[in-house]
Amino acid sequence: MSPQKIEGLPREMIALRVSREIQDGMYVNLGIGIPTLVSNWIEGKDVYLQAEIGMLKTGALADGDDVDQDLINASCQAVCALPGSSYFDIAESFAMIRGGHIDVAVMGALQINVRGDYAGWSNPSRGLFVGNVGGSMDLCAGAKKLYIAMEHTTKDGELKIVNELSYPATAEGRVSMLFTDLAVIEITPKGMVLKEVMAGLTPKDVQSVTEPKLIIDPKCKEMEL
Amino acid sequence: MDKVLPSLEAAIADVKDGVMIAIPGFFACGVPRALLQALIKKGTKNLTLACGCGPMLGAADELKQLTLNGQIKKVIDSYGLFRSASKGMADPFEQAIRAGKIELEIYPMGTMAEKYRAAGAGIPAFYTPTGVGSVMENIVNEIKEKRTPKETKIINGKKYVLEYALQPDFAFIHCKIADREGNLRYAKTARNFNHVMATAAKITIVEAENIVEPGQMDGDDVHTPGIYVNRVVKVERPKFAITID
Amino acid sequence: MDKVLPSLEAAIADVKDGVMIAIPGFFACGVPRALLQALIKKGTKNLTLACGCGPMLGAADELKQLTLNGQIKKVIDSYGLFRSASKGMADPFEQAIRAGKIELEIYPMGTMAEKYRAAGAGIPAFYTPTGVGSVMENIVNEIKEKRTPKETKIINGKKYVLEYALQPDFAFIHCKIADREGNLRYAKTARNFNHVMATAAKITIVEAENIVEPGQMDGDDVHTPGIYVNRVVKVERPKFAITID
Amino acid sequence: MSPQKIEGLPREMIALRVSREIQDGMYVNLGIGIPTLVSNWIEGKDVYLQAEIGMLKTGALADGDDVDQDLINASCQAVCALPGSSYFDIAESFAMIRGGHIDVAVMGALQINVRGDYAGWSNPSRGLFVGNVGGSMDLCAGAKKLYIAMEHTTKDGELKIVNELSYPATAEGRVSMLFTDLAVIEITPKGMVLKEVMAGLTPKDVQSVTEPKLIIDPKCKEMEL
């Protein structure tokens, strides 16, 4: 039996919380899903978004006459260019990614465990062995910091923060921070450290929907949005 | 040396049954749709399509036709082309995968990019950190029996996987501008896999939205030098639906 | 993020004794002479200069000064900088090599290029056919005792040598145009090693003949995206004597 | 004692003979020395010269106002651009070379042996172990065809076509044709086949300054220039 699901923050608020970690001058790659929403919260910041399709400094989503079929982001959405945007081929794009030039990658996940392993590329419940791996494993291998942004549990209340992954891993031990609709958790060699909880919740509430035993940071505080 | 040919038919005349063709494109962007349509017309069978990021989603009509015609033997890609559960089950390509009629081999996208780059650059194999700690330490195929472990090596205390160059027989390339000697320029994110695939293939065939004379492109602004290009054909600018599902 | 600094001195302030600096240039073309002059002024010692094709021949005055100052510990290059017999013997650098005061390590030029490219691209090692059947199957150094065999592998019946990525601490880059965010364009054959070295180094410092605002360079025409660049300084266009002796 | 030196063709004539092998549409790399002179004989042909510095379709040597210090060939000579010339970085340049995209490379040599090994990069007589290897080994490894253009013997009459190299090898078994001031020799699995001799010489004359036993092609003819 699944523990009782807790109603958390909307996806946009998870994205807002992640955006607080993004500093001026950073080169950032945002994965599909909640990570893509982070771009809505960094306007005005001097941040360079990298799209693995082969673009640096992607702008806002394009509408109407601004749509150019030769200008999409890695989520296949039409985007705008900015002054200083550049384009390059896919080998150069993954040279950037694999070579350690991306300061922060933010990815979605199906599951994550206490060691910072995470699963995000293949859901065997669909009855297929392989999935859409895309650039996720390269981003995990290469980004200086890897953040996960996801809902704390599935829609049905199943746990996603687990002791052992049951879905195929995307990467081992690479995640440093986890941002959910309920909490902010740091992955450390000692285990998962609870840093922030949603307003109105207690650490105990968060623990109730988290399989690994959480270490409560003495400075654990309410998520500021 | 004028590399421009009068028709797509002439350009793909020697594309025979059983060959491997590199198909660039990132979802709906930079996909050689005109060449794919010519391939459907020609009816070439038993093909391996070497892709990189689901270009056949940007050529969904062509994928459907190639599948229904039974022209595809195998697809190599980072993006398995799987749609949402509901749409996927209704899709002829996904049905063919599930039925074992089309083989699917999967690599991380950066590894795909590097495999083509290596083939073009005469590098037979390279080590990469990508995929370590995942099932990508094996050859990953829908057919589990074909899965075999890849070689690994510890370098400076870190584990890496050995990956090999991938050299297709042909590359079908889409570009914005070609000159008659095969120098190419791409538009924005439509560049994606086009350049590395042009370098990787034994024979590179280009569909170009525009053809100019040598010298009309500045030498510092050439994206793919003509040495990698065998044939060029002028095509109309295609229309892509920008969506991945 | 404005990456432009007011002076070469400020740009190289953290270049400490004992570091490895990548020096691009192909003989006299594309060499960062202004940064080398600042390095002489600073007096940093015990340096390893990671080159590619004899750039110090295009900066002969700077090489002489660096040598006489005893700033160089080691040079890595495909071009040993040796002149004709008569000129070579009179050259302070060659004298220092012969006296064992400067160490010299040699790789084929394409291997040098690929070692930098690999470092920038997160590829720790790669196989190459270059140098098989030659002394380059070993680490090649003027000091014979330091020669050790490289790993080799037979792939599809052919022998290859394993070469490793080379990551310098700094790269000194010369370009024609930089924008304030570090996007770069090179002029013609002055591009040579500049791009790969900019990708390879931990910190990349650029001397630019011209500085423009972001957006003044077309995104399709950027040679080195700003992600690889840490600092930019405006310099006068240098003069090179076009000769290799 | 060295065999008696034979006065052969001038260097320009060796280059002319090599140029006859270069066909329209070919991508060609010419090494320093006699190979560079080949470029004087292919004007009017539709041939693309690659310079490993990072240029395709290099033009004639530049003079006076045409000299641009940002435009040199791999021999460090100022050159002109042509309509259709392109520039690229050094990793791309050696991708072309190593990746098998160059139809013909023509190189000079210090020594060559019967198996198609040759030495060209380091002359230990200077008392230094290492030399200027440059791009020569990459060209040997990657070019579809490797030709050597050199004088048949040294200035002092020492043999350069030998049974075993005494200088460090540039590459093993990669040379297919050898063009000298006295002869044209094909390297085959059976040995060195004499294809052409300079006007006024006999195969025996050529053999007298060639250490390996030459196979005389039944169709062996006078070098046409």
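Labels for the chains are A, B, C and D, by order of writing; each one numbers its residues from 1.
Convention: a residue touches a chain if its C-beta (ideal position, glycine included) is under 8 Å from a C-beta of that chain, and two chains touch if they have at least 3 such contacts.
On a predicted model such as this, the values are computed, not experimentally measured, just so you know.
*Asks:* State the smallest step count from chain B to chain C, taking one step as a move to a touching chain.
*Replies:* The least step count works out to 1.
*Asks:* If we look at chain A and chain B, which chains touch each of them?
*Replies:* Chains in contact with chain A as well as chain B: C.
*Asks:* Looking at B-D and C-D, which one has the bigger number of contacting C-beta pairs?
*Replies:* Between the two chain pairs, C-D has more contacting C-beta pairs.
*Asks:* Could you work out how far the Cα centre of chain A sits from that of chain C, in whole Å?
*Replies:* Here chain A and chain C have centroids separated by 37 Å.
*Asks:* How many angstrom lie between the CA centroids of chain C and chain D, rounded to a whole number?
*Replies:* 28
*Asks:* Determine the centre-to-centre distance between chain A and chain D, using the mean Cα coordinates as centres, and give it in whole Å.
*Replies:* So the centre of chain A lies 56 Å away from the centre of chain D.
*Asks:* Can you list the residues of chain B that touch 2 or more other chains?
*Replies:* Within chain B, residues 114, 117, 121-123, 128-129, 186-188, 191, 219-220, 223 contact more than one other chain.
*Asks:* Mark out which residues of chain A touch at least two other chains, giving numbers and ranges.
*Replies:* 55, 81, 87-88, 91, 94, 97-98, 141-142 - these are the residues of chain A that touch more than one other chain.
*Asks:* Quick one: which bits of chain A touch chain B in the complex? Just the residue numbers, please.
*Replies:* Answer in residue numbers: 51-55, 67-78, 81, 87-91, 93-94, 97-98, 117, 126-138, 140-142, 168-173.
*Asks:* Flag every residue of chain B that touches chain C in the complex, lowest number first.
*Replies:* Spelled out, the residues of chain B in touch with chain C are 114, 118, 121-129, 153, 155-156, 158, 160, 164, 185-188, 191, 219-221, 223.
*Asks:* Spell out the part of chain C that touches chain D in their complex, as residue ranges.
*Replies:* 26-30, 52-54, 57, 78-82, 85, 88, 97-98, 104, 106-111, 113-114, 116-117, 128-136, 140-142, 144, 176, 186-196, 223, 239-240, 242-244
*Asks:* Over in the complex, which chain B residues touch chain D? Could you list them?
*Replies:* It is residues 1, 117, 119-123, 179, 181, 183, 199, 213-215, 217, 219-220, 222, 225-228 of chain B that touch chain D.
*Asks:* Which positions of chain D touch chain B when the two form their complex?
*Replies:* 24-25, 27, 46, 48, 50, 55-57, 81-88, 91-92, 94-102, 141-142
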